[in-house]
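Both of the next two complexes hold chain A, though its partner changes from chain B to chain C.
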Partner chain A sequence: MIRIFEGHEPPGANPVLDAMHHARKRVFVDLLGWDVPVVAEVFEIDQFDDDHAIYIIASDDSGAHEGSIRLLPTNRPHVLGTIFPSLCDASVPVGPQIFELSRLCLSRGLRAARRLEVRNALATAVVQFALQRGIAGYSCVADSSWLSQILSLGWTVRPLGIPQMIAGLPTGALLIEIDADTPAKLRAAGTHVPMRILPTAAIDREAA
Partner chain B sequence: MTLIAIDSLQQDIEHYWNQIERDGYCIVRGAAPRLLVEKLGDDLRAGFETTPLSQGPFYGETTRRFHGLLHRSPRTAGFVLDPLIHGVAERILRPWCDTIQLNLTQAIEIEPGGLAQPPHRDQDMWPIHAPGVEYLLNVMWPFSAYTAENGATLVWPGSHRRQGEIFIGMEEAVPAEMEPGDALMFLGSTLHAGGANVTATPRRGMIISYSLGWLKPYELPWLAYPPHVARTLPRDVMGLAGYRAHRPNLGTYEGRCPSLLLDEAQNGPVGAIDMLRPDQEALIADYRSGLLPVAPVPLRTRAG
Partner chain C sequence: MFDRDDYKQVVSILGETSDDNRVYEALERLTFVLGFDRFAISHHVDLLHPPVGAYGLTNYDSDWLNEIITGQYFLDDPVQISCDGRNTGFLWPNPRMLETLTPRQRYIFEQGAKRNLRGGYTVPMHLPGEYAGSCTFATSRLDTVPSEAMPAAFFAVSFAFEAMRRVVRLRAGLELRAPPKLKPREREVLILLGRGKTYGEIADILHLSEHTTHEYAKRIMRAYGNIQRNNLIARALFDGIVTYPELLSMH
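So, the complex of A and B:
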């Protein structure tokens, strides 16, 4: 099940968010060895996890974290604009119609086939969310391993600059362009997952 | 922290399925972005402009109809596979078949002055009806606003439960008034008709329909999308459009699943491969191992 949350909470306030930060610690710190902050020894939480962050979280039937991705508004501090602006040949793309994707996290222990399904479901949710919110593009910083995943999803991707070596891996900045035809591109690439992302406000109105 | 959105697909499928069960139809408001529907309408404009008027008392000589929409616009596949619509079709039809199929894609225009169509049930294309079994789900996507005046589809609520009545009075008909982006879903057992267009503008829309996988489809997908065309279209939508066998072993090519034809040209003979459901494979295994009790059957002559 996919749920989308806006805003951050400290550890202990929300089990779904806690599970995500725990999974992020296990992936980005324990597995990939990133130099990012760890809170209370088990949660990876950085300075961009704030009230403006949006989280798309996939959980299994028992509620366990399967995958997640973070969306940051680019008219505020974000990873590309704050830490890696030099990855952009021109200026960093910012504005109300551009968000940044970061921290794509797939729970360790998922089988390979399920990993792909969860990755595809998160990408489909990212696209549907963009179409609802009027988001026209997502920027992101991607090292070579994530880059190949992003390209294989089928959406339109534009490089923002020449990749550079960061922490031993070629790393580049990208802009993913989203429009009404993007779902069809995912479908053609076989990465579209059937879902129907609806704002909770609309669901409340329907129920009322 | 606020929950701002969720994937409501499963709940929505149940919600609209319940409406269809009760009324024989439902309207999904805002099923697709209006912009996408308008782009699809633009893609099909040449079809509307060049297709001659239909002939015959059923189609109506003030309508234009053309088919094969998956080939005419790359955007059609997204409507055929719309998660909610396709999910509802599966929910209704899958209890009676191994896989569902695309029955047709049809663009339809009712000209100004067009008469109302005779009321009918689409499942009457197939002559034998098993009670309680739904054969078909139709989905009407308007390209222009549908109003009572310009020929909005008329549906008779509850008529799916009144199979004994060939016609029901006009006073019970409801015009499915919609905007582009809305979708009307109705059963093959629901009495309906294209409305009369008393305005000065044509009414344009598209029907996508899904049926049980073992029925003969209205539109022959293998001819609408021969293999060299099918190879250029998304594989999952071609699975709905004929390029998938229905277990056991129905709808095959050279004794194989026709998805074979979606791959590069095959060289040489291929040989048949069974496509059976697991329960059928188990039954054959039991038969071979002598586990099935065989009742003696008296020899029957041809006369019976």
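So, the complex of A and C:
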């Protein structure tokens, strides 16, 4: 199932968020070697995990983390605006209608097909959330290992600047444009997952 | 340094279009913006008999293209071979490549050099469910290409590959369907089929009737749009629904 949480909670307060931070540590620190803070040796938590962060989390039937993604408002500090503004040619896109996507994390140990399903479900949820909340675009910093995944979801993506080599990988700032046609673009790309987003913190996938 | 607005415009076009003429124009413009002479984007398939769903676009001179196809250079192309197992773009020729060149590969390089294609930057493309491919930007002089061109080229090529996927879908006239989601039981049947078990054997292993096993198999084939049974395992592997270790009982 897919659930949406608004606001960060400290370790120990919410097992679903804890599982996400643990999965983030396994992926971003253990696997990818990122130089990012680790709390209590098991949780990857950074300065942007605060009251204004929004988390969309995919869990399996037993509640274990399968995937997650973080949304940050752009009129507050965020990855692109604070750490990588040089990736934008013009000013960093900010405003109430633009959020930033970061920390897309798929659990290690998922089979390849399941990884795609979870990725697709998170993207669908992110699009639905945008349409509900009047979000017109998502900015993000993408390196080469994620770029083709982001593009193959089927939505409209524009470059915000010239990509540069960062930490040995071609890295660029992108803007994902969201409008009423975006769900159809996901369907055309075969990545749309039928689901309803409930106005509460939990949403259920519709039976296929 | 190259023109940033030109670059962003080209990438935006690649991000939206489903028209392969516009993809061609955008790639040609990108080639010159980045400081290269020629581009070639294609799947790594037998160019003499390309399978459905494979594509290629290039502004190589037509006689060079003819030579590549009739000489079947694509079978031995050292640049294509360098793409295997890597996702990062690379410059060529490079020391690793030069160490392992066969005489035929040396000949292919020499033929390209005669046409002023002495070096280049190539981006491999590997996505599950797709033929392997790459995009190459070729040049007469590798030392004149700015270093900023590489990450920029990498990104633009990723956009170009996605554009070509949209072109292929449009040409196929149908929307690309995601691989069918199989129930766990259906997947078990599929794996046992892939291991060469008969319906009778599968029924015994899973404690089902042979009729029910057959029904599961039919349901799976229907979920795949009524493909034939001997195509089913190949498709399921291609889509990542089952894996080689599972089929080879290494699981």
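To be clear about the criterion, the second predicted complex is superposed on the first by the 200 of 208 C-alpha atoms of A that agree within 3 Å, B and C clash if a C-alpha of one lies under 4 Å from a C-alpha of the other, contacts with A are read in each partner's own complex, and residues count from 1 in each chain.
The rule we apply is simple: a contact is a pair of C-beta atoms (placed from the backbone, for glycine too) under 8 Å apart; a residue touches a chain by one contact, two chains touch by 3 or more.
Keep in mind it's a predicted model, so treat the numbers as computed, not measured.
On the superposed chain A, the two partners chain B and chain C do not both fit; they clash.
After overlaying the two complexes on the shared chain, residue contacts for A:9 are found with chain B alone; chain C is out of touch.
By the document's definition of touching, of the two partners only chain B reaches A:131; chain C does not.
Once the two complexes are overlaid on the shared chain, A:86 sits clear of chain B and of chain C alike. Of the two partner chains, both chain B and chain C are touched by A:187.
Look at A:47: by the touch rule set out above, it reaches neither chain B nor chain C.
By the touch criterion stated above, A:195 is placed in contact with chain B alone, chain C being left untouched. Remark: of the candidate stretches 40-48, 148-156, 166-174 or 274-282 in chain B, the one overlapping chain C after superposition on chain A is 274-282.
Overlaid on A, the two complexes show chain B and chain C touching the same residues of chain A, namely 187-188, 190. Chain A meets chain B in the complex at residues 1-9, 13-14, 17, 54, 125, 129, 131-132, 180-181, 183-184, 187-188, 190, 192, 194-201, 203.
In the complex of the two chains, the chain B residues touching chain A come out as 1-9, 12, 33, 35-36, 39, 74-75, 77-78, 81, 83-84, 86-87, 234-237. Considering their complex, residues 4, 7-8, 11-12, 15-16, 87-89, 125, 127-128, 148, 150-152, 154-155, 158-159, 161-162, 165-166, 169, 175-179, 181, 239-241, 243 of chain C touch chain A. Considering their complex, residues 89, 111-113, 116-117, 120, 144-145, 147-148, 151-152, 156-159, 161-165, 169-172, 187-191, 208 of chain A touch chain C.
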